[in-house]
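Down below are the structures I want you to see.
Next come two complexes, and both contain chain A; in the first it sits with chain B, in the second with chain C.
On to the complex of A and B.
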């Protein structure tokens, strides 16, 4: 089964391209310290040069100086070293150059390094949120769709209420109240505002599946509810659940970028979103500093493309009918 | 045949709808012997599937058994608890559903589904279950290679045979088939029917075969029950019922399909539509469509099945004997009512 899974993933050209793309970004995220030329928040280069032993003043070396004191000073000077520190501030708002392939921002941080390090944050938030939302909405959908009754009424009601509230304002309000810093609160904000639509979608799928004859056969065989749900119904939903996973991951990366862009995220974190935030705040778009705002945008688009491409193969894996025989 | 295996007594079942209770099975009684093949026929909506689901205790959420009993080897199925039903279902009696395409899970292989059925009731090892699955497939003429196939890789006839294998895998004594051949073409229908007949002779289970296609039933059934608007209107040995229908509805059904051998004659069909079960007509439910109906037919309680001798029962108060009914056709309806 798992072997088949990977075989299909690799044999499908589209998904192979998607996998390579996603793999590339995952690799960049993991190897960020190796790839990035500088730490993301560095704005200067400090170089320290050793000058050797401190030079002794002539007065001390002269014969008039008390010899015992001179010996002590001379001896000490052989133990200490003298250094010189030079601080090279990075240029601010620099254009791309050999030292800074994508230029620098208003604070003099190297944008290429920021982009590489930002991959980590953006991918983590995207995939974690996707996983969180998929698990949450699958659970809710199976509960409400299969069990029906009061559980269904409550879950459907809450889903409907959440669907009516516009997403972005809700996200902004929740974000404004969350005081925690870091990636986890962003995942929670995106997850807790992103579950209603997938839940609604998956629930309708559960509803059609639970009335299919094979579920009836399984029930008539006396199978436990958990067996019917996980063995008969769930495998039929893998493709749609995976599609939801990638769609939500994409939405989360965009959502994170949006939150950061409007300044409601944690602006001290370096992510694709914050790069865009600072670019906007410093008029990069007006001054045409494309090296500032274009690369993070392209990265977001490429990750989205990879998700979509992989989705094609997921569909084929979970639906034997589409599989090549 | 011998001893009685299933005895249905005054069974009523139906659906609670927003407009009221729809009694899809109304006061139905019959009995089925061991190894007997009972055909139940009737047009769409006459309650034959509801009858099957009621016996299987597989009615949908809004449906229930209202009254009556279904004794399976002396135990009342209608009164069993859910746990008892689970233990009994599929081991004692199994069901073949109408559409094999939707009755097989599209994402599980045939083998997985067959072994799941075994594991649901027997604690056997995986290898044993697989061996049993392969044996059952062989029984329905499908090669064991096909265990790894997915439903969409099988033809319609094969899928239905897989369903039959799945129904028989725990060696039930009663097999209920709800229109198992409806979605198949006539050649495949024939092969399925012959397969069932062969297996029945070999394994000795009883069959309740539900269909709207009477022509299928006549040859293979021991007994035939004809249902109309929720009620059993005629019951008796298949051949006799076919050659000599005693209820106007049966007669109408028999006239609705051509005979392969006898002389060509005009096919009649039956005028009108089945009544609304929410508010069935008074008296005999067939009376509004019956060309022999008398005024007394449309009043009072619905007529019950009355024995006519020779194991035959008819719910017509004026059952046909020989060539004529107890009453002559009312004034020929053809000129006024259109094409009869």
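On to the complex of A and C.
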């Protein structure tokens, strides 16, 4: 079932393009130390050159002749090497050049390197949030949809309430209260404001599956609940859960960039959002530094597009009406 | 009627939850944001410090439940506290100045993108084999994945910095007399770029919603019958297909009206447009919690009421829901 799903995903042109695009960014994230010419926060290059040959000086400190058969001589040898240390500070706010393909920022950090390293942080936060929300909403959906009863009433009610409370303002307000800044708090904030919609969607899928013949047969054969849920229902939810995973991940990458841009994230971490935050804080726009604020946005959009393309394909697979006639 | 009452109950409860979130969030956060804030703000006047203490409930030894009761009473009376970054302006006054700008900007944008998006969506579904349709759909799906605020930055760069067609920042020309013709003109010029950002970034959603609904409806048997009968195509398109496909878009429109207050948050921040979003940006930067809470409350209330209105609209428009509700 799962294998078939991935086979269809690869055979669809749209999702193949999407998967390649996503694969490219994942590769960049993994290989960041290899691809980026400098560490993200480096602002100078230090070169140390040895001058000339090392010189060895010897001096005799003392001589002693305790007897005719023995003499003691104490030497001191000093090895002197001369070095020259050159510190090349990166230029501040430099235009793109051979040394810095995307120029440098206000602190002299290489922007291309920051973009490459930022891929790591932004992708990690996006995919982690996607995973977190998908697991959370799948669990809630299965619990409420399959078990029904009080659990269903409570979960559905809480979902409906959280669903209508606007997400972005809530996210901003919560983030403003959080004193701890880091990857995990951001994932939690994004995840805890992002679960209601997927939960509702997945729950309705569980409800339809629950009444299909094959599930009824399995139940009347006396299969254990865990078997029915994990072997009969869950495999049939893969496509819709995957779609939710990609949609949530995209929303999370956008959400992270927005929070960071407002200055509510950790501004000392290098991510696509914080590059934009510093660009805005240093008036990159009004000094015409397009190389500073254009690339992070384009990267976000490309990752987003890859998710959208994959989801288009999933839609077409599960809804034949959308397929090209 | 039962449907109506249930929706009304949900509205009341969600309003209550939003109000309570405002009260409990700062008190539940790990790391004690109140203390952290007080330590950082030593240079404030004693009265300003008092508003911070009041906002976090540090000014009394009353138990939480008593504080909560007082908070609910104050909120119901419309007393939202005092902004401490704009001390001693009450929060409600700050909101009164900012609201018209947000509502004006977002209201116009919502109407524009809903109507244009729906019409384009109908066209894209009707002629979906054409190149133009797939290019339009592809283009707007791509635009949709750009961060809102980044599109704003790009527009500022090209249209205000490079081409100098539009002014940067603010919502009107400070030198023009308020209410005069030139002032109104400056309002239009200042609003053009933020409006463009919002319309461009929200258009895609309307187009895709309408297109997908329309494609689903076009596959129905009664459309095939209408085609077979040889009815005029234009009539099938507008009276048979579009009319039946538009309901989710109309619901979406009603719901998006709730976002006239909070929908342009980030756009306003980028353009320094003096609406609610920019207020929130300043409140966040100044750690002005009373102002932040009030803004969240306003946005939530607007969204909740619009959702309620959308549910009622569906009840009136859709016979399936209407009859099921009886």
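Just so we're on the same page, the second predicted complex is superposed on the first by the 272 of 325 C-alpha atoms of A that agree within 3 Å, B and C clash if a C-alpha of one lies under 4 Å from a C-alpha of the other, contacts with A are read in each partner's own complex, and residues count from 1 in each chain.
As a working rule, a contact is a pair of C-beta atoms (placed from the backbone, for glycine too) under 8 Å apart; a residue touches a chain by one contact, two chains touch by 3 or more.
Every value quoted in this text rests on a predicted model; they were computed, and no experiment measured them.
Looking at the shared chain after the overlay, A:258 reaches chain C, while chain B stays out of its contact range. In the superposition on chain A, contact of A:276 is made with chain C only, not with chain B. In the superposition on chain A, A:201 makes contact with neither chain B nor chain C.
In the superposed model, A:165 lies in contact with chain C only, and not with chain B. Within the superposed three-chain model, A:222 lies in touch with chain B and out of touch with chain C [touch as defined at top].
When both complexes are overlaid on chain A, the residue A:42 reaches neither chain B nor chain C.
Residue by residue along chain A, chain B and chain C are tallied for touches, and C comes out ahead.
In the superposition on chain A, A:180 contacts chain C only, with no contact to chain B. Looking at the shared chain after the overlay, A:267 reaches neither chain B nor chain C.
Applying the stated contact rule after C-alpha superposition, one finds that A:307 touches chain C and leaves chain B untouched.
The interface of chain A with chain B overlaps its interface with chain C at residues 321, 325. Residues 160-161, 164-166, 168-170, 172-174, 176-180, 250, 254, 257-258, 261-264, 276, 280, 285-286, 288, 290, 293-294, 296-297, 300-305, 307-308, 312, 321-322, 324-325 of chain A touch chain C in their complex.
Within the complex formed with chain B, the residues of chain A that make contact are 148, 212-214, 216-223, 231-232, 235-236, 238, 318-321, 325. Interface residues of chain B facing chain A in the complex, by the touch rule stated above, are 56, 58, 61, 85-87, 89-90, 95, 97-99, 102-108, 113, 116-117, 120-121, 150, 152-153, 166. Chain contact summary for the complex, chain C toward chain A: residues 10, 13-14, 17-18, 21, 25-26, 29-33, 36, 129, 141-142, 144-151, 153-154, 156-157, 161-162, 168, 212, 215-216, 219, 258-259, 262, 265-266, 269-270, 280-281, 284-285, 287, 289, 292-293, 295-296, 299-300, 303-304, 307.
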